[in-house]
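Letters A, B and C mark the chains in the order given here, with residues in each chain numbered from 1 onward.
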């Protein structure tokens, strides 16, 4: 274990980790928006929206995130979409995780829906009122844990943008592996940073989950 | 006093439990139990819930090791103090001679009836497939389930499952059979088919220790009855004595509760 | 520049060969990940401490870090310790180990959920610890977690695209080769996406057949 080397390079890894965190935060935020929209579409009264929602989920979940990212970043200019690598990364990753979050959110709503809607409707609430006042507050609690699984996956998923040369943690590790020939050290250094980010996020989600748990 | 081991094997008891004690932390579950079972003898163990019957039975094949005391199967000490490697080999050998039947059957759900029975003989006794199949058929005939040989456990009723579990234990040709409330998980109408198999086994002079809540069955089938309470043997004797004329008040009050409702 | 899908048919042969390799990689890495997953699960639960703790550390590390990072480690790391594997082998091992860590977690949960009575019944018959685990507990655990393992295999198929980054010739790389000649990234990545989508559908169909058959065998 070349400790001296680790001490010399770790500031660059920390800098890169900041990019990984930014990518994570932004893509997860976008993913939540896509997920909320996707779930609304899939649960909509309108057939066309239901179809669009289902197609979104099926296409995104049926193909590799890397290919989606490449289509956006390399293929985008052909159809007039010119993005820098970081922005393409955020949008590509966000739209991708959004499809998984769509299913998470939909699952939570369906789990609550049975029985509860009927109960709310018998009280005279409209479908929209029942959704807002009865279903969603309960579903939000139910979806925290499974969304946490999506978020955990997405933090690791941000490494994909190394393939379009965004200077984040994995890209940095790769560059240092190539220049120092110390793959184990570089892997451990980057790996530990990922684990710290993931553990901290996991702890935050567990805290949130306890806070809102139905007792 | 100085009997040799080989002499013991000839005349000594099949099972000899000496001063069995068991603690969980500070709770004493067994407090010094002695029991000798002769070859071919059938012993019932009765007593209130939590009195330590299962713990005692499971100590005999060392599934729940004793805190102190000794268990002997003929001239072999079951709970011999050994290094863990030697103990593994020793106990796996000894357990082949001690069949056990559980309250919840514990059939292997991923294996057919045939495979449930042949697994251990094939792995441990190195029987060929034909030999093991023959053995399975023989044991299944004995419990009246030869037509279910290729069923999966999930396709059997509770009573049938328990009969297969008995056949599985018998296929190892054990010297002793232990039963821990073999019928208490069964619907009442299924109890008799299992009792019938156990009666047959008794008639074939199998050595058996039977933990049961069925006083009638214990009275009919067993040579001797142990009444346990609070981790001790309170009273022991022939079924006639224990069920008709027990000397201890605790036995009487237990039997009053348990014989009530029986015709 | 606009789109012109007319260039794609000329490369369908090359893309199909790439797709074939993607299937091969998925099957090999998938099989490896399940076998290794079982071994890690058993080692992590029952192993001697000298096996147990390294296995736990490995599973923790490989579940908590990105696949791409692991691929770089294995591709360059093996060369570093004098094992010069080609990219294909490194890719299969990397994918396999990554998913083995996930499978191990699932299988461990399955093992823990197997009724204690099953172990007792095995031990009572005289089976050793090892025999009981391998013949009675693990088969039931694996059977119970087949749907979850299937989900991992679907994820593995899609993540196999990542091995193109270390230069493994599969579907994504064959699309990139076509792009390097035609300068038409949209068309060829789109075509690759269609291939992946179809393979994914086939895999899902195969998995649901397996699940139904196992359900019926109960």
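By definition in this document, contacts are C-beta pairs under 8 Å (C-beta built on N, C-alpha and C of every residue); 3 or more make two chains touch, one makes a residue touch a chain.
From a predicted model like this one, the values you see are computed outputs, not experimental measurements.
Averaging Cα coordinates per chain and for the whole protein, the chain whose average falls nearest the overall one is C. Across the assembly, the mean Cα position most removed from that of subunit C is the one of B.
If you average the CA atoms of subunit B and of subunit C, the two centres end up 46 Å from each other.
Between subunit A and subunit B, the centres computed from C-alpha atoms are 57 Å apart. We define each chain's centre as the mean of its Cα atoms; on that basis subunit A and subunit C are separated by 21 Å.
Those residues of subunit C whose C-beta lies close enough to touch subunit B in the complex are 115, 117-118, 120-129, 131, 135-136, 139-140, 143, 217-218. Looking at the complex, you find that subunit B touches subunit C at residues 61, 63, 88, 92-96, 98-100, 102, 104, 106-110, 119-120, 123-124, 152, 154, 165, 168-169, 172. Residue ranges of subunit C in contact with subunit A, taken from their complex: 1-3, 60-61, 64-70, 72-73, 76-77, 80, 158-162, 164-165, 172, 175, 179, 184-187, 189-190, 192-193, 196-197, 200-201.
Residues of subunit A touching subunit C in their complex: 59, 62-68, 70-71, 74-79, 156-160, 162-163, 169-170, 173-174, 177-178, 181-184, 187, 190-191, 194-195, 198-199.
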